[in-house]
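So, here's a batch of structures to check.
Two complexes follow with subunit A in common, the first pairing it with subunit B and the second with subunit C.
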Partner chain A sequence: MISYFVRRFLLIVPTFLGITLITFIILQVVPGGPLEMELMKLRGMGAPGGEVGPTGTGTSGAINIPESALEEMKRFYGFDLPIHERYIRWLGNLLSFDLGRSYVYAEPVWDVITQRFPVSIYFGLIGFILSYAICVPLGVMKAVKNGSVFDFTSSVIVFAGYAMPGFAFGAIMLVLFGGGSFWDVFPLGGFRSDDFEYLSFSQQILDQLYHTVLPVAAYLTGSFATLTILTKNSVIENLSQDYVKTAFAKGISEKKVIFKHALRNSLIPIATGLGHFLSLVLAGSFLIEKVFNIDGMGLLGFNSIIQRDYPTVMGILVISSFLMLIGNIISDMLYAVIDPRIRFK
Partner chain B sequence: MSTILEVIDLETQFKTDDKFVKAVDKISFTLNRGETLGIVGESGSGKSVSVFSIMRLIPDPPGKITGGKIFYDSKDSGRVDLLSITEKQMLHYRGNEISMIFQEPMTSLNPVFRCGEQVVEAIELHQKVSHQEAKERTLNLFNEVKLPNPERIFQAYPHQLSGGQKQRVMIAMAMSCNPHILIADEPTTALDVTVQATILDLMRQLRDEIGMSIIFITHDLGVIGEIADKVAVMYKGKIVEQGTTLDIFSNPQHPYTKSLLACRPPLGIRLKKLPVISDFMNEDENGNMVEVNASVEQVVNSVIVSEKETQDRRNALMNNAPRLRVKNLKTYFPSTKNFFGKVLDWVRAVDDVSFDVYPGETLGLVGESGCGKTTLGRTILRLVDATDGEVIYKDKDIFSFKGDDLKEMRKNMQIIFQDPYSSLNPRLTIGSAILEPMKIHGIYSNDRERKDKVFELLEKVNMEPSHFNRYPHEFSGGQRQRICIARALAVNPEFIICDESVSALDVSVQAQVLNLLIKLREELHLTYIFISHDLSVVKFMSDRMVVMNQGVIEEMGPADEIYNNPQKEYTKKLIEAIPKGDIETISERAKRRAKLLEEV
Partner chain C sequence: MAEKELTSKPENTNESKEISTSVLMKRWKKFKTLKRGYYSFLVILFFYLLSFAFPLLINKDALIVHYEGEYYFPVFQFYDAKTFGQDRPGETNYRILKQEFSNQDGDNWVLMPLYPYSPNENLLEEIPGIPPHPPTMQNFAGTDDRGRDVFARLMYGFNISISFALVVTMFSYILGVVIGAILGFFGGKIDIFGQRLIEIWSTLPFLYVIIIISSLVQPNFILLTVILTLFGWIGITYYIRGEFYREKAREYVSAAVSMGAKNRTIILKHILPNSLVPIISFAPFAIVGNISSLVALDFLGFGLPPPTPSWGQLMDQGLQNINNWWLVTFPLIALFLTLLCIVFIGEAIREAFDPKVYSRLR
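And now, the complex of A and B:
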């Protein structure tokens, strides 16, 4: 089995090259690149989607750009080289852990991305833990009480959440609890209050939680259904297995049969998703972040694409695909750990 | 001899589609200390439901125990009615004083816990011992149930053991708290005949040593003859006959009991067809039983085949040129590979096997699980690739077929699998399942004609045309196997491989399916290769028999000759393992047991 995982790790290299190569080419070939955007700005036509542009607009009249300046700009963006050389150069920098500088933020891409890690990890982790902590027990309850009123009502709620987009749910909650015409319970948005640094430690915790409730609720609404129903079906299936009969015949109480014997087997298909907790550092949803005014990974990703901030786009891609590939392998390993019947060859 | 369990008028019902069905209908029996009671009956006769009722393990809903009393004479707390105590009190008896083993050793152990820990759990649940003591007890138990290398088995997960080993672990678990009653629900049905013999042997030995009582459930009266002191015969939820094993075997009263005795393939003689239930009893329009007044001997004697007839048939068959020739066939599977996927070692599933099959003949292929008989069958049909050798069908090399030739071969050669539950697509009606192969091979010009043919086939396998639009789950195992036969026949094949086709069926149903296969062979001039682990079934079905072991042929020859005069130790072992059910052995065993029981 070790040789299987060694092979899997080795296969990361070609997969990774494939992902980056294809994205790199698509990004650079599509029209409307950073150079064109810059020129448009200079010519005073205003940049599309320029609301978040870092450089001020307002230059009036058309300006003729001298050839030498154009060359200079091309060199700045690296467009003076053919595309394969550009890729190889980018790859070479990557090997020395240099993701380049962001065109928009004029900072190293690594710094731009890592600045947003805390926000992503915070929301990602809370969402991840909460969804497992709620869905697994809920699924077990639903399985044990299959067909009951409780089972039916919880299904209705869970599926309603599944059907509703998270940002829409977030918006509704803001209307209800954000201090508009109804109740003033939670803040309208932001990650923390502006005066966060001046608060005492316990106040800081409260303030953080106060800002967390609504966005996390919005993140979670859609994720309940799959996990809950998966758990439920898995438990029901396992409760009808022969070994459960054996456990009952041993004289074990019903509770222990369910939680010791049936649940462990039911968790096998669920636990395999755990490998992807690594990707949490990049978790984020553009729409939800927009609704709650949080400066997270979702917004960054969206804006970098709109503003043709190639180094940042590629930086996010590199990190996320790498974590995804590792996460897949971890999932497989977990699978082998939890289920002794699994042997990879 | 004191009574340990007394069941009085037990009634258990199941709710199906708003009506209640009595799965167990007012049954009464007693079990004495140290005694073994066999409960015998076909699937659905209510035998498992009765013992699950005793354990109070009937799933509610849909099931419910609706009447009766079950008095259990506990050593500590005296006589209790198991049906009137609380669930919490019941936990004390379950697995402790009354324990149970099940039919499917493959699935009865929890796949994610080590075998040893599962037994330790049972010990710790009922006894005040330390984990270390429980572990030592488990290792001792593994020794007692004759598991090789108990330390290794303790650490092993269930999937790493064979079926027989798993059943031994289950027995160790059931024995772990020195139960007063052991309930065994078809404990040997899923096992090979040879493994069944060793498990029965073990149970007899443990019982005689410890003096516990056993309720042994099976569909096979032959197995009852091997282990039980007395028998209760169940049919449609009722006990129709009770008595000592010797009485039941030597003087059966109820026609159903007679049919169970007669439907086992006999060993000393050759029959045209096996006696079935309808030879002994029928139902009139009102569903009442009508007894056909016949004894077991009368029915058996009416279908007996003389030695000369057997000889003549074989001579006639061998006069033709062989239909199928298998020459030096080898099928190997990779067992270990190195880092780059190069095969380092092989499993030799079929290793240099040669034989001929003549038109109209049934060639029997017998051997234990893992001997390579299934792989051999599949290699012949090109469902598995051969490593080397030739298979010649009607003078043509099967391995050279491509395109249309291959399609033609697929039409001519069919296979019927072991498990009728998984070999039918649950989402296809049985009509379309039978129709599909005709469509693939372009038999008949339109679906109208094909449908008529399906009706004809359904009648041929004793099913109703009205079954056309129904789904597999609506049928019993025997009916499903008949559907599989109809599907195989749909393309008018000449040659059929029956791969353990009756091993998953009750003996009474097995007899019906075997008779059907023989009838079809004569009517449609079919040639069979009949594969099974049970030498008695293979001997009944085949003209000639091949005994296979570890990928090679041990011996080959006319079926009766091999049975009467086996040349190899392996063949003798297979014959030895068959439950014979002969009166002398049973009466001798009964005498010995009577003495033992007096001491209890």
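And now, the complex of A and C:
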């Protein structure tokens, strides 16, 4: 089994190379990159700049960028080298933990990204913990009372949750409670109020909570349905197993059979999902972060794509795909640890 | 030998067809008993078919114009304003024309569609003030930031969303089944190599990559279909590969091999029909996923090009100023009801296809 996991860890390397290579090629080959964007900006600014210029002689139309400046810009963006050399150079820098400098923020990409870690982790973790704290008990209840009124009514909520994308739920919440045409209960978004530092401690907590409720509700809708149904199905399947029948036949009370015997086995597939908490903290949230204007990893990724900040785009890709690969392996490890019947070869 | 094959073949196929249709019929009957899913299916089917007739129901062009003793059918043919003596450049405005005719009190009349507004037509001429306008009796759902009728856009958006999701799901299924079948059937080196490629492909953060591509090239319906298909086939491949691995060890496959059947025949005629069950019951959820993806992309501004009527794009407008609540609320209701119906269908199909019956002591 150890050799299996060693092999899995070694396989991260080619997979990782493949992921970065694909994205790198897409970024570099498709037109409209940072160089073109910068040139466009320069040309666009040329006209109004000429009109209000100190000499008063407006230069009309596009300005010509001198050859030397063009070469300079190409070197700045790294476009003076052929694509494979660029990739190898980028990879070499990565090995020394250098993700390059952001074009937009003029800071090392690593710093730009880590600055946003706390915000993303804060929302990701709260959403993650709450979803498990709500969905697992709910799923168990639904399984135990399968077919009852409770099961039916909660199913409606579960289906509704499945049919409602998280960001869309966030959007309607903002419209209802964000102080537009209806109630003014919660702030329009952001991570904290602007005057957060000047508030007293209790006010700070309250302020943070105010800003947390709606985004976390949006995060929860995303995973609510799948996790609840997963739990329910897993418990139901275990309740129909022979060992449960045996336990009943021995005369153990229903409560004990369910919670002591069936539940422990039912939680196996759910526990393995815990391995992905690493990437949950970072991934899949840019829609919600955009709705609530939270300056986390997701919004950073989105903005860096729009602004053609390629080093940041690649940096986020590196970190999120790395966490995902590690998360996959941790999931499998958890599987093996929790369920001794499972043997990986 | 050759004769034997010829004679045995039709029998085989006939038999397998009979069995599969009867099984399908059984499942269809079971599906019909699950009322929630069955009625959702009828509702969605009805509205989707109806949505192809929207040009006759929701349109700014009149169905029939009776003018100076002659009949015109503007829905099917373009007439400029001068045809009907309207004093304006370009297109005829049939809503105004209708009013003019009824004011004239003559023999002329206009028959408008049920909802006389088009999704891409701006109404600034008729509704004064700065768009977006709140809902009124004429425009149920108000107008968007360019003064276009939101209700008409929602309805046309329904057709586009469902069509898009169906097309993407179909192509993802074809691609996923082909790749999964090849990996599962041949196994060995092809499988190991393919699995690596799939792992790379599936670890790519797909929405992120789609945004990268769409931000660089303005996507259209076809390009967006291709992109979403390229990332949508992976889940299906896992299922099919697993099914093929399991099925190819069964006796009927060995029998087919020993009778000298070609690989292609075994894959297509023998194993494939037996391994489609899990992915059929998965299909409605794939459609839900694809609709959500389209709405998300439209919301971010990387979806179908303007002026395509789209739900996500309306939501984006609504969020830029949350006082325009109708721009968020109505698309959301449309999206929610559509997805809910499809989820109900999916749940019913899953139940109809699931042979497992759980029983437990109490």
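Everything below uses one rule, namely that the second predicted complex is superposed on the first by the 319 of 345 C-alpha atoms of A that agree within 3 Å, B and C clash if a C-alpha of one lies under 4 Å from a C-alpha of the other, contacts with A are read in each partner's own complex, and residues count from 1 in each chain.
Assume a contact is a pair of C-beta atoms (placed from the backbone, for glycine too) under 8 Å apart; a residue touches a chain by one contact, two chains touch by 3 or more.
Source: prediction; values computed, not measured.
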Exercise for the section: With the two complexes superposed on chain A, say which partner A:236 touches: subunit B (first), subunit C (second), both, or neither. Expected result: second
Practice task
Give one of first, second, both or neither to describe whether A:295 is in contact with subunit B, with subunit C, with both, or with none.
Solution key: neither
Practice task
Have a look at where A:339 lands relative to subunit B and subunit C in the superposition and call it first, second, both or neither.
Solution key: first
Practice task
May I ask you to decide whether A:7 touches subunit B, subunit C, both, or neither, giving the answer as first, second, both or neither?
Solution key: first
Exercise for the section: Please name the chain, subunit B or subunit C, that touches the greater number of residues in subunit A. Expected result: C
Handout entry: First (subunit B), second (subunit C), both or neither touched by A:248
Key = both
Practice task
Identify the partner contact of A:172: answer first if only subunit B is touched, second if only subunit C is, both if each is, neither if none is.
Solution key: second
Practice task
Would you check which partner chain A:207 touches, where first means subunit B only, second means subunit C only, and both and neither mean what they say?
Solution key: neither
Handout entry: subunit B versus subunit C as contact partner of A:98, first or second or both or neither
Key = neither
Practice task
Go through the superposed model and pick first if A:164 touches only subunit B, second if only subunit C, both, or neither.
Solution key: second
Exercise for the section: List the residues of subunit A that touch subunit B in one complex and subunit C in the other. Expected result: 245, 248-249
Fill in the blank from the handout: In their shared complex, subunit B is touched by residues of subunit A numbered 3, 6-7, 241-243, 245-253, 261, 264-265, 268, 338-341, 345
Exercise for the section: Please name which positions on subunit A make contact with subunit C in the complex. Expected result: 11, 14-15, 18-19, 22-23, 26-27, 30-33, 146, 159-160, 162-165, 167-168, 171-172, 174-175, 178-182, 188, 236-237, 239-240, 244-245, 248-249, 254, 283-284, 286-287, 290-291, 301-302, 305-306, 313, 316-317, 320-321, 324-325
Exercise for the section: Mind listing the subunit B positions that touch subunit A in their complex? Expected result: 55, 57, 91-96, 99-100, 102, 104, 107-113, 121-122, 125-126, 157, 159, 170, 173, 337, 339
Practice task
Show which residues of subunit C lie in contact with subunit A when the two form their complex.
Solution key: 196-197, 199-200, 203-205, 207-209, 211-213, 215-217, 288, 292, 295-296, 299-300, 315, 318-319, 321-325, 328-329, 332, 335-336, 339-340, 342-344, 347, 358-362
